[in-house]
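Here chain A shows up in two complexes: once beside chain B, once beside chain C.
This part shows the complex of A and B:
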């Protein structure tokens, strides 16, 4: 398989971001700006902020900008709600040329007034976009004045698209969340084993699965950031004894900030795959150092493992020896996937992320075998080249990567935010194995 | 209060209908042979648009970005754009490149025309077709972005040419299946043609052992170059304003006669298309097409009583909305709400003109959002929605069944394969509409009749 008519595969300047593992790690170039013209798969600051905040179910999510930014983010995520549905709407001030010339502050104020009147929300989040950063609308002042008028919280999200990367958007979102959390009197945590769970967006009910595990262990889940959360639940976050962080890329910053301000310790966990799920539950139980919790935790792991292990082993029989390529958003997901593939007998031969950090790439290089290609901020030409060269049987990725895999005749696993099935916990581990099996073992490949 | 620009002025849009101008401008480039596009702006713009387009077509959509960062926003993005072009050419080796601006590039005042010119001179590529298109996201909608880009492509490539026989066929944003059908009809009519843009293979490419970073197909550049020598231009964009009309450009600049026709969906629109082809080529309409026409008529008769129950809400790009509304008229389906996210001066005038069957109580929405479409659809008692997959919102909230057509279709597969043009395509579309009405009726009629007429004592059941 080779490309027709195409030029080179790797632009010179990109070479430092691509590395074939041999022996020890070499310090991959990452956390830098994308190189112009290389067809990066990365998104923008606004995207990062919206991903993190959008699951807040009873907030008005108002995009202050041109229509496109709101259009492309209307109800595209699979975050589920047990209550309000307002978060599934996308609001925009639809800035036009005259607003660019004369400024958009008045329009924004009117938009907020209209929306508060119509929906009576407890919270309005106003997302800044590229042009707002340029024309210099004072979002902070407009939001402050509107909050005063309406007696509710109205917060700006500093998410001008060009002002950094998706990771900077995560940070902007975490800053907003910090402003939402109410300081607690005397800083005493709630009684009992009470934790917050950071970095789960309740895709297809994933946070509900984890919440159920914790309940069965005698641990109360206080706030999930931000899956199925609401204004009033977020307020109470300062009362937890511990923050557990799943998606460290998006929420690590919040964990650190909450430790600094409220003295809440945090630990990184992962509920992707059987091994990680079991380890994470044990880690959380261990924190409380309580025999009953530990006992319940072990019972839960034993029971759930008994249920899912035979199923996963069944899939493994057909999958053993296959080769996977991974290209996902963040390092946390990539690391978890390596381990999850190992559970079903699959080796990772190519792995990359859009926004992985140095320490995450070090971990990745520690986990994969020699000969695996590791790459940061890859483009379609590189993905094509290295998947074919490495003999991958399947790719894990997002919506943009899917058609590329299919055109190359490769199986594909969706690991994006609009999926309709959970991949977390023991139930998710089975779903993952089944999805890999469904795609790798499909009869369709025989006809190519 | 902010000044009111027009009757539709609102401070806030709720669930947007239109997409942004550069997204629309990407599409025609995807239908030109060996073309690539670079978006001059923030990295996220290209990514969001690629995702939005890829999910509809299920095809890789490679679009480069000049990836302007904070530094570029302050000091200008010229270096980024030039470097982006260098890298893009190395990776894709395209024969033509579109440069689309964004909110950011326009607001920081990038002179893309000048940068393009300098770039070509500096690289010694003065003849290379680099096509800058000003497409600020705060400008017009994706529909206008599409035609403006197309006009710029033709404007860059077309040169005075000796008369030849190839008809220029300018198409709006239709499915690749529709474009293939239009090509089939042209061939059956014995017409030689240059379809532009031709997305029929590029955005619905067959599986092949060899992967091509730029998919095969698209309008050849040589065909566009000689468009001024064509006997006529047929453009399926009868609601389009002249200022961004490629057909009007060819007529006013090179004197190519323009037939600006409705999209060939619906019996009358297909008749008009074939009449014009007969006129331009002098060829008779072959029996095979007349048989297809007869089958469509037969289907219209078979379904007319079911269709008479239809009260439709139609939304999408203006030219498609026009054709769909007329198709509803022809079949006795009452269009109760007709909406487009674009701002279009002609659509309302054309639909309410003489010989149209515009219901007196119907509602027309320009620059619409889905919140307003929903309110009016409910108020007018619409029982069928016809438009893009965003209309699933009407199904979920108001239980109005949706017949998917147009762009985007994100929640079903096969948007690129949906056939609705020509007599055969219209027959298939009509069946989809009628069947949606039937399914809805069958789902509800027992309960409806019971609620309407049953008066016995519930205890007796």
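This part shows the complex of A and C:
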């Protein structure tokens, strides 16, 4: 790591997680626990499980724990619903000292009874929090008994915060989803061109854009995991011929599990940027090996590209030569963003993720130019130092990174829950270019 | 949306629907940010720290720095001692704060980590300070956490060194925005009284944009000021829930007399604050303040017909809500539903003051209203369904009820996640009251304009 320049304080234990690209790859250290005492941008198991499951619109999402875990996750996901709004409520057992001492099982059972009676949901998801993992409430038993009483599905989510990382929360969520899916009846042959779409949470309506593309290609979208999904649609997930996975970080595990149990093949796709969107649609069409679908797919790509290219080129004129820094949750999104920035004439000079995996970092190293700093689980001080050192004009990140960028006089685009425009597909590529353009070219930076 | 809420009041024995509070650690983190060059530290899982930072960032739109012990399964089984020791070492090596303020979480509290002993056994560089507060998330609310961390500042740092107390007031502002802390300091300065405010997030959570990022902005109470607080001759705690405990602790520890007042929101509470300073320090109220007060009264008079008899629901943190209730009554409004998520009795905190004070104000004003501590927004919504109001005052979370019932919302308190600027402009003092009067009047009049039939639509209102 001698390529780190002088004047930058990086604690010894962190050095293996930061690398400046120079020719060959070096195997960045990642998928490790954070160092105690670091200002990590990472979250917990509960957070991972909650973000994956929260978009299920007609479920009661009951957080079993003290109030905070429910308060901080109340309707912040930004995932849109075309129907039910129940998922936008915040339900908590609000555990108190007494419950910690005597156990929270009775209170939980009681809360479930009262909520089911009032809202009559088809599904209740009960999230475990740190404290529940410690006091040892048997969520499985409480949920099972309650399910029997009410005749609906009530499932525990094993998401005690300390029991791993956010990625482990994704797995806990996928385990719940696997329990929800019903086996196909009599293992009939797969129906026609029907797919599931995994790892899109319908932020700002993104899944709706993709669903429209698929429809125009003559492909039926069975269910989206989990954007704008409902109990009954999720149940039918085994009836698809293919799973396409957008966010592999959160849903790759589910894709593998469904292949193992139901024999449904999966493919990783990305609908971020024109290039990846077109490639992904072709990949899906190619799977079905059907002339009509291929034809429609090519028509769609041609038509949409024709529509959006001039707009993107317009923005590109103003953005050419700018430099971007990226710090996002997973490696998958980071990879797509590199390509998407290239489409608008921007080089990525710093890139990092909270929970990227080895193979994702290898891909990233292959995509970025020499001199780009790649880092895992960065803290704000590192982000600041490398963004300044690298001369970035713009940062792409989430809620905690925004004010940091602004303080440094850098433009910012939210690529997380706080995004306000869909960033998927061709329409999303234009939105992305516009958002980058609007922030980079804002007059406010002149007043610094 | 929210159409599953009915006016039928259900007896609920377990659980909260749509909370009007959050947990202790975030309050402790916010309080700690009010110490100069302090890094708050969350002793628990990474998620807690991440959520608190995100939530504070969404409200203040500022970077919020805090470190975490990053508990894993191992730490949860064998205790978090090793994590905390490593954390203390790393924090001072990497981030070099003057002081590290540790708060616990439900996890570390339940495991039973003995923080004072762990601090004693840790390597702390010379000249650096580590303090801690116990903030179990299953007790009280974020306000309790704020109060506990503020008290910890006294417990760890306040010293009584002088034989005769200094002619100086300690101000404990409570869980308010940096703009409010700034305004309170301005009022005290106008009175010509030297003061130590703690915690003080002005200059930290409303730091100006300079193109440079300062991990520790220029604001915040310094360690030496916190030490000197034990030599001041008076402590004025603003808000019984967020500030009272620390003031009484200082009284016990350093014999600094404590006065607990309402958060100075509205004319009455601001008068009380100014008069307390006047009588305690034998100072004249300067003309500048008289003028501000006179302007406020002028504005209240000019607009009083817009307020009179208007029904309002108020929710949020107890200290702010108590003061807002008083203020709306002073404008001739009728606060019918008043609710806080913070339970009224917590260990070390005031017992039952919330309901008592507000019921007293309602009684005196001849208002038959409802008041509850430890309630949630589902309940508030049911109350509003049974007895509608013209206005809701509270945090951003009120917007769901406002949308469902088509009621305007005046955003006050914490958190405000969907608007900006609130942390730069005060609601306390006479000027803050003018701003609130404007916000309330505009909300009511915008609604009147929107709802007016053509023939009732007026230019002059």
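One rule holds for everything that comes next: the second predicted complex is superposed on the first by the 438 of 448 C-alpha atoms of A that agree within 3 Å, B and C clash if a C-alpha of one lies under 4 Å from a C-alpha of the other, contacts with A are read in each partner's own complex, and residues count from 1 in each chain.
Everything below uses one rule, namely that contacts are C-beta pairs under 8 Å (C-beta built on N, C-alpha and C of every residue); 3 or more make two chains touch, one makes a residue touch a chain.
Bear in mind that the values here come from a model prediction, so they are computed numbers and not experimental data.
Superposition of the two structures on chain A leads chain B and chain C into a clash. Look at A:434: by the touch rule set out above, it reaches neither chain B nor chain C. Shared-chain residue A:409: touches chain B and chain C both.
In the superposition on chain A, A:86 makes contact with chain C only, not with chain B. Applying the stated contact rule after C-alpha superposition, one finds that A:45 touches each of chain B and chain C. In the overlay built on the shared chain, the residue A:400 is in contact with chain B and with chain C.
Across the superposed pair, chain B and chain C both touch chain A at residues 9, 11, 33-47, 62, 65-74, 89-97, 99-100, 107, 110-111, 114-115, 129-131, 133-135, 161-166, 379-381, 384, 399-400, 402-404, 406-409, 448. Chain B makes touch with chain A in their complex at residues 1-2, 5, 10-16, 18-23, 34, 38, 41-52, 54-55, 57-70, 72-73, 80-81, 83-93, 102-104, 107-108, 136-139, 141, 205, 207, 209-214, 216, 371, 390, 393. Contact residues on chain A toward chain B in their complex (touch as defined above): 1-9, 11, 13, 33-47, 62, 65-75, 89-100, 106-107, 110-111, 113-115, 129-131, 133-135, 161-166, 379-381, 384, 398-400, 402-404, 406-409, 448. On the side of chain A, the complex with chain C involves touching residues 9, 11, 33-47, 62, 65-74, 85-86, 88-97, 99-100, 107-108, 110-111, 114-115, 118-119, 129-131, 133-135, 161-166, 379-381, 384, 399-400, 402-404, 406-409, 448.
Within the complex formed with chain A, the residues of chain C that make contact are 1-2, 4, 10, 12-19, 21-26, 39, 41, 44-55, 57-58, 61-73, 75-76, 82-84, 86-91, 93-95, 105-107, 110-111, 136-139, 141, 207, 209-215, 341, 397, 400.
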